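I'd like to ask you about the structure that follows.
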Amino acid sequence: MKLNKNIKEKNSIFKKWLIILIAILFIVLPFIINAYWVDVLFFFGIYALLGLSLNIVLGEVGLFDLGHMGFMAIGAYTTAILNTYFGIPIMILLPISAIAAGAFAWLVCSPIIHLRGDYLCIVTIGMGEIVRLTLNNNLFGITGGPNGVFGIDFPSLGSIFIVDNSTKFYYYIWLIVGLTIIGLVNLQRSRIGRAWNCIREDEIAAEATGIDVKYYKLLAFVLGAGLAGVAGNIYASKLMMVSPESFNFMESCLLFCIVLIGGMGSIPGVLIGSAAISLFPEFFRTFAQYRMLIFGAAMVAMMIFRPGGIWPRKRGAAEFKSLLMKAGEENG
Amino acid sequence: MAKDNNSMETMIRTKQENEEINKINKVVFQTDKLTKKFGGLIAVNNFDLKVSQGQISSLIGPNGAGKTTVFNVVTGIYKADGGKVVFKGEDLAGKKPHQIIKKGIARTFQNIRLFSNMTCLENVMAGQHCRSREGTWSSVLQTPGQRKEELEIKKNAEDRLKQVGLWKYQDELAKNIAYGNQRMLEIGRALASNPDLLILDEPSSGLNDKESEDLIIFLKSLLKEDLTILLIEHDMNVVMGISHWVTVMDEGKKIAEGLPEDVYNNPQVIEAYLGKDEEEEE
Amino acid sequence: MAADKLPVVIGLQAPITGAAAIEGEMAKQSVEIAAQMINEKGGILGGRMIEIRIADDACQPKAGALAAMKLITQKDIVAAIQTYGSSVTQPASDIYEKFKKVNIAYGATVTGLTERGLKYFFRTCGRTDTQGAFFADEVVPLFNAKKIAIMHDNQTFSLGLAEDTKKALQPKIDAGEVELVYFDAITPGESDYTVPLTKLRETNPDIFYFTGYFPEAGLIIRQARDIGITAVFVGGDAAINEDFINIAGLEYATGCYQTQEALIEYFTNPEAMAFKEAYKAKYNTLPSSPWSVYAADALWVLAEAIDKSGSTDSDVIADYLRNKMDQFPSITGPIGFDEIGDRIGTGINLYVVNADGSFGIYGK
Amino acid sequence: MTILLKVEDLKIFYGSIEALKGISLTVDEGEIVTVLGANGAGKSTLLRAISGLLPIRSGKIKLNDQELNHVKAFKIVMGGISHVPEGRKVFATLTVDENLNLGAYTRRKDKENIKESKERVYDLFPILKARRNQLSGTLSGGEQQMLAMGRGLMSTPRILLLDEPSLGLAPLLVKQIFQIIREINNQGISILLVEQNARKALSIADRGYVMETGNITISGLASDLKSDKKVQEAYLGGAALKKRK
Amino acid sequence: MKIILEQLLNGLTIGSFYALIALGYSMVYGVMKLINFAHGDLFALGSYLGYTLLVFGSTYATVTFGIWGGMIAAMLIAAIGIGIAGTLIERIAYRPIYSVGRLPAVVSALGASIVIQNGIMVVWGPRPQAYPSQVVPSIMLNVGEFKITLLQVIILAISFVLMGLLYYIVQKTTFGAAIRACALDRDTAALMGINIETIIFFIFALGPALGGMSGVMVGMYYRKISFIMGWNYGLKAFTATILGGIGNIPGAMLGGLLLGVLEMLGSTYISTAYKDVFVFLVLILVLIFRPRGLLGEKVAEKV
């Protein structure tokens, strides 16, 4: 047992340093690379945020959600419309977008939350498509149809703090991603996170264990949608416009891949997955039409060689399994 | 598993003792004309069951008699087609499983249903879900209250794990421990919700005779915690060894109930369930 | 002296991959042909060659923003040609504006794009409202049409054209001269449009204006005729080309009309002839899309502006384009730009598909 | 008697965990052999290895001198080994009848005989006949166990591997199951029986093996094992009921 | 009244294509529980293969056996070609990861879809292609007031025959039971003596082959094909499969036909632009009240 603990401790110290190292790297990076790559990393951040949000639904609770972009669209359009029509500052709209997306998720998911597996999957696809098509049809004449909404401001709080260049956007998104990660790690280690995982493992047993399955599934959707709404807010202000085609089914599929390539329910995994999905195309852009070919092949290869994801979530001492067995034998 | 090696004799009460206990104890749980249909099949048919406080009651009957179905209706997994389930004087009709466990009825499953990819400790911690209340925001922010509660959950879970003898597997994934241990873990998870009534569906299936005996001792030790136990069993050693009261059902109906040995010698039960006692091998 | 030999680098942001890859490919080919023509004549600024650098935007707004950043961060890029879809052009143009790079759009016709007060944004293609007005004021009277059906595909360009047309028709509708009997969208990318067409047939229109793209147009004309729609079929400028004829079949395509700005076949000015020759020599065909020729035009005017102003400074180039360029002979005819960066004077004609599969300007 | 099934020094790993640490056993023609052992000893692993579901790390499995090490699972069935797995494993969304048909999959061309075998199974387990068109997932636990047994018999095996066949059965049925095992055996089918119900298993078996954490620790004639002190202590337990009487 | 019937017929035509594609989709999906994103793209590949054959390869067949011979040759060869492609994809992209559960296979399928789609683009180019009109018969039949093309009738007939055949195989034969058993529990299926590899081969050859065949038919009927067409049809096939109930062959057919009719209703009575919104709304409503789809069986989950 003692041996076991030592290794655990060493491992966590190593992990701590790794995290600090990566954090420092992220802080100094914009000074090393050019604005294009800063922007690439910004979009990496957006994907990371989206990946984290989907990870709640897909990774933690195991619900197939292939329409997640719909939630982001709600957030982005809330921001776009309220900002361009009423001039409400973007940063004030940040929580409002989150609430709008979350409320939308609650509304549409309540009646369908009892569906299982693939049935839920197709409903989320349908929901995402409904959102996109409705926006595309210029609902109430305010979504701008296929053109979308133009002329969105930069995020600012009055005139004190304004995010107006690539570097600031970069820090802005990664600050939010960082805070989100802390919040989600806390959740993972709480009864909420446990309840989610129980539902993923066995719904009936979870219900019988005292977990209100419907409530926690909805909670996951609402939180996930809220975070996607935040991502939508930042995305809209970065591009200064929103249009429905940014939120299509393919993008939802890519989000799905982010979670699985990284490893279900694993936060470092989501970061790696979003890096893979958002950086890969940039590195391979020179291959022009072959780029997507390589991209697809890489996805297949990834799953063949690491089906559990690149950085799967480990539980308890699963990593030290063999050691523990020995310890157990000594004790028992 | 509990390690004290009490001999079996001390664990078995005499007939008179049993009768006395039955008189003193009040009924905490009962079903009243419970009915459940699957299509044309009436799996449970006007079934009455009584369970007395602080006792171990057994429900036995041939395969397919409807025992598990009774449990499923009682714990809210199936909706009854008729009749009532009353626990501590309250009708449980229409309650969802998660509400029922909160009322104090915890269960295990005939085919073990653990959270396979979570550790043993986490499984037992999950069992306390209905006894804890910190919400989403306090969890995200890790408020002091939340931390305190989480620590308590962990502490309790550790105690329960020790109680069921699985402490050394706390960090093992549930799917990786041996079958018998999984059964104990499931009981541990149910116990973690501090139930008043524990419902076990064939707890000894898949255990060998020796292990079943350990289980008997363990279940008896639970009575000291002021727990009431209702179990389904096919192993007569277990049923006769620990029950205060036995109910027999066949084809959805009650065909007999009574003290263990009365039931054991009831011709109808022998006919339907136990079989003629032809010469034992020894 | 050595520094003078450095090429002048122009960025081209285009959809090389994705659903509009065909447009990207043609734009790339056209721009490269134009560059080749300029270079063969000895380049600009006294012998500096033009080099094209491509950034792929996959026809997505986000990728478009990144592609713009990619071009901008390459310090030697003087100006950019960008890009096909209006919703991609929009965020990209904001980025170019912020980094003060002249950028010329070649396929973004949405009316509002130039009305945002941008200093460095220009376009060589026309606006959908001119085409809409042409349909309302010239084509409708030409066929003496009373009942008009308009169908679009709910994408930026097509919807824009449809709505601008509706706007242009409005006075006549108000006066009771014509009636807009059908105005609806189809979903692009599908194969069967008989359901909306049957609905359209019931309105019994005299003229049927389809503002979408050729893949759908080809299907629609065939399916429309098959279910008995006899109205005059007019396509917008993205609807009719060789592929339209292939898809529809010649028997169906013959006699279809098109409102079209600048079909490269019909230009007889020397620049166009030279371009056609060079393009044919290399690819053995002509670009089927008008937009790619506008991309070549964009390079053409940029080269002229840089050469004449003698500077690679964005402000100078922008100033030249806006104030000094007038009737400059480019591939698609004389070019100049107005205050907000729109091209002055793009002539629109009504084309018709002849029985041999060729195109002709109707009435000529 | 000739040896039908022979396992030599078999080692099986799950990932890095060694589940079988060198098992050797034999089953003769016409014999009932039982394997006892605590939970997690590796009994099911042994059976799964024999029927080709697990990769073999080292050692040999032979049926009539024919090596089975790299033979695919479905071919092993054709060779005459039928395995009734632990935990019933009936095909839940198939009907009882379809489940039985699948049991005879290896000889599906042989329509006549299949019908006959099916009738025999229905004779053994009449309740299955009553439920023949019900989806097997909705059967009660005991009914499912009967179905699994019946399905195993449908392939007319030479040797039947039974993994805890009495699990979850009512006492009456447990008795029947063991009788049926005997009957099957009398028809000339050898049986390798894994059981928790050690008392019953030993009473019908010719020989027995006792497994502990991947090793065979005791082996011998069933009657010897029954009276073996260690076996009694670990697996037979004090029969509480007996003492009550 | 005439218009309603006519629209209904239009809807059924679209629906029959969805149904035909959904059939192959449902096979793979029902048995392997794999959301086979690549199915739509295999369908598109089949379309291109048929196109190439009709334009270049099958002239011989056309000359020898006439226009119908050419068509049949193109359809059969495309079906075989796509069947092979399907099994190849299974070998490469899916087989190595069955054991780890369903989700990785979704990613792998998506990857395969992207590869095929862009592969088509690289080989045949990004512009849409048109089936040449001279290789496809365009005979019109007059049924009462309506006009139906002969091709349409043939396509409908073929898809109904295929459905019947599949239904018989999967639901009524022991081989079909073996297929369903594999879908439930491979290990136990192996213990029955079922060669799982044969089953998987069968599924992944037949399902995509059906898709490839539909690809040629769609190409012949509408003439226009493009490299991105598979995505849309794939999504519709998935929708049809779920609408009808997972793993249910008649369900897939019904789902497909219904989908076509729903699209028709939506675009006739609401707006063409909101057609898909309407379809998905109906789908969601159906699932709220019938959580297992229209013909989906109650899953035998016993606690």
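Chains: A, B, C, D and E, in written order; residue numbering restarts at 1 for each.
The rule is simple: a contact is a pair of C-beta atoms (placed from the backbone, for glycine too) under 8 Å apart; a residue touches a chain by one contact, two chains touch by 3 or more.
Here the structure is a predicted model, which is why all the values come from computation and not from measurement.
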Path length in the contact graph (subunit C to subunit D, fewest steps): 2
Chains shared as neighbours by subunit B and subunit E? A, D
If you take the mean of the Cα atoms for each chain, which one ends up farthest from subunit B? C
Averaging each chain's C-alpha atoms to get its centre, pick out the one most distant from subunit D. C
How big is the gap, in whole Å, between where the Cα atoms of subunit B centre and where those of subunit D centre? 29
Measure off the straight-line distance from the CA centroid of subunit A to the CA centroid of subunit C, and report it in whole Å. 38
Subunit D to subunit E, mean C-alpha position gap in Å, rounds to 43
Touching at least 2 other chains, the residues of subunit C are 17, 21, 154, 185
Residue ranges of subunit D touching at least 2 other chains are 138-139
Which residue numbers or ranges of subunit A touch two or more of the other chains? 136-137, 204, 289, 292, 321
Which residues of subunit B touch subunit A in the complex? 75, 77, 96-98, 101-102, 107, 109, 113-122, 125-132, 134-136, 139-142, 146, 149-150, 153, 168-173, 176, 189, 193
Spell out the residues on subunit E that touch subunit D in their complex, using ranges where they run on. 174-175, 177-178, 180-181, 184-185, 187-196, 297, 299-302
Would you tell me which residues of subunit C are touching subunit E in their complex? 17, 19, 21-22, 25, 154, 184-187, 189-192, 194-196, 198-199, 202, 215, 218-219, 222, 226-227, 243, 246-247, 249, 288
Name, in rising order, each residue of subunit E that touches subunit A in their complex. 33, 35, 37, 92-93, 96-97, 100-101, 103-108, 110-119, 121-122, 126, 231, 235, 238-239, 242, 246, 271, 273-274, 276-277, 280-281, 283-284, 287-288, 291-293, 301, 303
What residues of subunit B sit close enough to touch subunit D in their complex? 8-9, 12, 38, 60-65, 68, 110-111, 177-181, 202, 205-213, 216, 234, 236-237, 240-241, 261, 272-275, 278, 281
